[in-house]
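Have a look at these structures, which come just after this line.
Shared chain: chain A. Partners: chain B in the first complex, chain C in the second.
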Partner chain A sequence: MFSVQTTNSSKRLSRPLVVAVIIIVLILVASSMLPIIFFTWLWDRLNIFATVFLGIFVEAVPYLLLGTLASGLVEMFLDRDQMSRWISHRPIPAAVTGALMGMVFPVCECGVVPLTRRLFHKGLPLSAGVAFLLAAPVLNPIVILSTAAAFGWKAMLLWRVGLSLVIAVVVGLVFSVEKDASNVLRPVLDMAHDHHHEESKSFVEKIRAAFVITADEFFEMGRYLIVGALLAAGLQTFIPQSALLTIGSGPVLSVLVMLGLAILLSICSTVDAFVALGFVGTFSFGSVLSFLVFGPMVDIKSIIMYAQVFKKRSVAYLVLIPFVMSLLSGIIFNYLSP
Partner chain B sequence: MPHRLYRSFQALLLLALCLFFAGKLASGQLSYYINLRFIPLTIFGVIFLALLAQTLFSENRRSRQQEHEDEHHDHDHVPANLWFMVVPLAIGLLIPARPLDSSAFATKGFNTTGPMVSSDSAAKLFETESQDRNVLDWVKISYYEKDITPYLDQQASVIGFVYRDDQLNENQFYVSRFIISCCAADASSIGMIVNWDDAKTLKQDSWVLVKGSISSTILKDQTLLVIDAESIQDVPVPEQPYLYP
Partner chain C sequence: MKNFSTLDKTASAVILFCTALIGLVVFLGTQAGVRVKANLPERGLIGPYQVVTLIFSESVDPQMAESLFDIQPKIDGTFRWADSQTMQFASLQPFELGTAYKLTLRSGLLSQNDHELKTDQSWEMHVREPEIAYLKSGDGQSGVWTMSLNNTNPPRQLTDPSLKVIDFDASRDGEFVIFIVQNQAGGIDLWRATRDGVSSILLDCGLDRCTSPSISPDGTRVAYSREIAGPSIDLPYGSPRIWMLDMSEAKDGPVYQDQQVLGYHPQWSPDGMQLASYDGLADQIRLLNVDSGQQFIFQSQTGGPMTWSPDGTKFLFTDVEQSEGGVRTRVRMADLTINKTFTLTGSEDDMDYGYNSLAWSPEDDESVLLGMRAGGDDPSQVFWLFNPGRLDGVIVAGQPEYAYTSPHWDVWGGAFVFQQFKLKGPYKPEIGLWKQGSAEPLVVGEGLMPRWLP
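Up next is the complex of A and B:
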């Protein structure tokens, strides 16, 4: 069974490779007819691309390591019975507990994905896991502190935390309708087997085993972080930010622009408050708030990482419900306090 | 891919990534990519990556001694995951490191004013010696102070890169810097007009130390502080090419 899968994946790999080689040859042929100025332009773009990509990557890797480490430790030290004792299986309490669990695990949106998947594997109910996935990047202590540092202990912080909680619980409840987790989650190969020797292992051995899991998961999730960062850097290299900013300043359009920016920038939730601060003068309270609520839940790299854990339809729910809710709350704020 | 080969490759990649980060730290090029207040996180990353690599290497050594027990592990290997990690290493090693410069203005935008400030710094700022203020500080002053007359004729000494655009006269250029909060992905740029008769001779994107006195001008209905330069000096790229708000 396993050998079949490897041949499949090598076949899947080889076709893009052939296509890539053909494209490169075509580009080389075409480029020999272009003027020099095009190449200096291209070289400049390439440099911006590399700097922005490495910026996101260097910034995200330690957080991803923390998240996968948490996942490894959960795998080795938390068993299914404990989990079901702590978390209710009724939808509303489960979703609320899930969302509040974010306060315990200091993970941002890169680290939360592998951790959530691990918790699902340990028997966490769907609604709780989904609420945790969306709320943890905002509710964690680091993010609360950085938001307070940027905006003070004032309305912005309160609304950010409150709205994120509400949205996370709502999406969690939507997912609680689905009783069969396998309709929502993608099957995971490396978790299919159980570690049967766990009980007999010493503490040091458990830590070592947790590190091995951390390493495996770091590569598995890192792959999608890399694809996401490549996309975000590519977009930033070729699409002017001003194009977004000049689209509109109306009460509806300005929220849409901030939501678009949240997706495009793909910055870590631990620091996005400082970035949002730069928009305060140009954008209304509601628009900046929608950026702060939506950004940690959805951006290019997290969409790609979600797609690794959830099936396509569920990813659509995870992106669209927070989008619509952030949009609506931003618009409501803009009309109430323009 | 056989189990031990896979593990070795994985450990080597972790080690390579660890060395790559450590190299960027040691060379100071880390400041091209992220806000330096995240250095503790990067150091954690370097140490933990080394620890993971070491764990995998020693796991490999152990599994050589007890070969049969580890066969059931083979199925969780997806070699493609490993190959992806080569991408950032390749980008980092093949494309020479270069901080953002005026070529990024096209997509990142360019400002001469704006609230690029964290809430606490405004008050502190106005007490600093005029010679110690950087481009960002001066831009903040033009933006926040209603009355800029006390600042006129103060001595300024700022470092930035040269940028000229069509809106400026022939004897003017911008001394500019990028501002980042998190990493290069959120960079935005600011600039301050400098009056200098030989502005034309300055190379776009070259780093300069501008010394002179402060005066003011009006650009697009906004009053801006400008520098009447007394001397312009070429300087190397500073250790921190970006400013932090």
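Up next is the complex of A and C:
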């Protein structure tokens, strides 16, 4: 009996090893049959991949840090009673207030996710939190100034801010119909802190605790940022922009291409206006505007991060409603002003 | 339906509603036909060589679109397509000052799949009053300024006041100037300033000196002279060579690959096909057809000036020769249609008139401005409006004790601006203006290097 078990165990160990060896041998054989130019191409692609990944990651990390820091400070200095006093629980005022809160917090789409999660934990109504999540990456002062630097204090900036606000409020109102937040939000571990225990802490202790929370959350959300950035870099490497740009003409297709680019490029909203400026001339006003409105709300890395806070269906709505609304507004602009 | 929550239903309803709206907008948009907008300056005030841009709401057939295009009064021009939605019309002659142009795109089919422009679209255009751009120096500053001819607006500075401008050139359409500024490393960079006065660096030349910018007539390229810095600070600069910056494609490089070919003061032919430059080492004017690469070489010991005929088939340059009476500056004409060069005037002169400025009218084959010495022992210089066909002319600017240089015709050939200095008294560079039909030129202001900013 004993010897049989040993034999089975050795079989279990050897199979994966054999499979691995076979795979390696097959790869080596296949590689030897491939022309050298393939490896040059692959090396170039990997270089591009690494550059794009680092570009997205390095650009986003400071804002993630800022967001998690804000989250830590909110946890330690804001209590549920204050939140209830400040934010109405009626859907429309809550959604509008949530969207306008974005003007206070200098967070882009990476930093806003942990902060929103923390605010939910502090009792922020669902409609306000969702509106804040979608509006903050555009309505924050840094993004407004960078958009003004790229496009001037003109129509593009006004429409970007206005449409982002409208879409964020609409999505917030949609989520307001859900009375039980647990149907929308994923359960979060290690968020429960003793309210009374926080009250008894000194200011220095609170700051120290805020930093601890910041660090924990930064590393937690940072993993998803890395996954998102890897995915975005992979897609950018193997689906070049030029492929999308060549099909991007016409009032509908050009908006779809720009929405696709917004997801694909995953650029931080603080700098996306300068990238969008490069598309002016090639793409219509409506197409570029849809890129600027939709990009900060939804891209690959933010989808991955949303999935850590919201349940799957909710993530789908957070992506689809801004998508159709951005598409609609882009098409309307294209038809009104080619 | 049990599995669908209120949120699911509401979200789905919003998505469906938006999708239906998208369908409705697309349907209505398709019914409205192709839309088009003209990319014109404010109030339809255009430059005389304004490129008129029409942007369509979707891809159109170039031939069909061009067949629907009309400008009244008629003016010849060529079409370019930036992409399948962007049509550009570049006129071959300048739009006339004081004429109202009506640009119309007539209704009709614009693509093979029956997409059409439902109604005629029209736009009005007027040519704006040309201005004079010039260099104004003083108090340690030097910038490009512009003044209106009828004093409707006060002079305004085009370039950033913090930049000390050395030289500049204005584009033929009047939309921008290219100027040069010394950088902190000791090199000289190329900068660009728009007509609205927004300055931005165009080419950081590092330690090199990029000078004598010359903008191509279509405004897409800048030819300039570049002296490469020595390997260390104490070593001298290399000899100047002609480089070209293609602004539309962001490409920059030497015009001649042969490093022995030197050059400065590049000058474009009116059609932008040929580029002339002077090689001071070989005492040659070198002419390059930028499309075909064909080159012509003309001997000249003066290093300039040179000027092109309106059609770009001939050009004038100066040279010196030793004659029985002594050294004579002569004006020579190169006729590119017959590949011949001959002396137009100067060889038979009773004295050396030292021809120092040449400017062929852009519209009149028979009007060339020659800057020359007044004669005798008089150090004054005059402008002679010379007819190369009849070999005679009239003095149009010749006040005693004045020197006149650097004439530039406006695009219509009806006026020219120039630099004038009083030979006695304090240094005061003045800008002069001569208009066809006027007996005397006018002084319009103080400044250096006047150019038209149409």
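Following the convention adopted for this analysis, the second predicted complex is superposed on the first by the 299 of 338 C-alpha atoms of A that agree within 3 Å, B and C clash if a C-alpha of one lies under 4 Å from a C-alpha of the other, contacts with A are read in each partner's own complex, and residues count from 1 in each chain.
Quick note on the criterion: a residue touches a chain if its C-beta (ideal position, glycine included) is under 8 Å from a C-beta of that chain, and two chains touch if they have at least 3 such contacts.
Not measured: the values here are computed from a predicted model.
Colleague: Could you tell me whether chain B and chain C fit or clash when both sit on chain A in the superposition?
Modeller: Superposition result for chain B and chain C: clash.
Colleague: Is A:A215 touching anything from chain B or chain C once the two structures are fitted on A? First, second, both or neither.
Modeller: The first partner, chain B, only.
Colleague: Look at A:N334 in the shared chain and tell me whether it touches chain B only, chain C only, both, or neither; answer first, second, both or neither.
Modeller: Only chain C; A:N334 stays clear of chain B.
Colleague: Looking at A:V288, would you say it contacts chain B, chain C, both, or neither? Reply first, second, both or neither.
Modeller: After superposition on chain A, A:V288 lies in contact with neither partner.
Colleague: Tell me the contact category for A:V280 with respect to chain B and chain C: first, second, both or neither.
Modeller: first
Colleague: Does chain B (first) or chain C (second) touch A:L230, or do both, or does neither?
Modeller: In the superposition, A:L230 contacts chain B only.
Colleague: Now for A:A262: first (chain B), second (chain C), both, or neither, which partner does it touch?
Modeller: Once the two structures are laid over each other on A, A:A262 reaches no partner at all.
Colleague: Looking at chain A, which partner touches more of its residues: chain C or chain B?
Modeller: Result: the larger residue contact count on chain A belongs to B.
Colleague: Touching A:V324 in the superposition: chain B (first), chain C (second), both, neither?
Modeller: In the superposition, A:V324 touches chain C alone.
Colleague: When you line up both complexes on chain A, which piece of chain C, out of 223-231, 367-375 or 421-429, runs into chain B?
Modeller: 223-231
Colleague: On chain A, what residues does chain B touch that chain C touches as well?
Modeller: 281-282
Colleague: In the complex of these two chains, what residues of chain A are touching chain C?
Modeller: Where chain A meets chain C, its residues are 170, 174-175, 177-178, 183-184, 249-252, 281-282, 284, 313-314, 317, 320-321, 324-325, 327-328, 331-332, 334-335, 337-338.
Colleague: What part of chain B is in contact with chain A in the complex they form?
Modeller: 1, 10-11, 13-14, 17, 21, 24, 30, 32-35, 38, 41-42, 44-45, 48-49, 51-52, 55-56, 59, 72, 74-76, 78-82, 84-85, 87-88, 91-92, 95-100, 103-104, 106-109, 114-119, 179-188, 245
Colleague: So in the complex, the part of chain C that touches chain A is made up of which residues?
Modeller: Those residues of chain C that touch chain A are 5-8, 10-11, 14-15, 18-19, 21-22, 25-26, 28-29, 32, 35-37, 55-59, 82-85.
Colleague: Give every residue of chain A touching chain B within the complex, in rising order.
Modeller: Residues 1-2, 5-6, 9, 13, 44-48, 50-59, 61-63, 65, 69, 149-152, 189-190, 192-193, 208, 211-212, 214-216, 218-220, 222-223, 226-227, 230, 232-233, 236-242, 245, 265-268, 271-272, 274-275, 277-278, 280-282 of chain A touch chain B in their complex.
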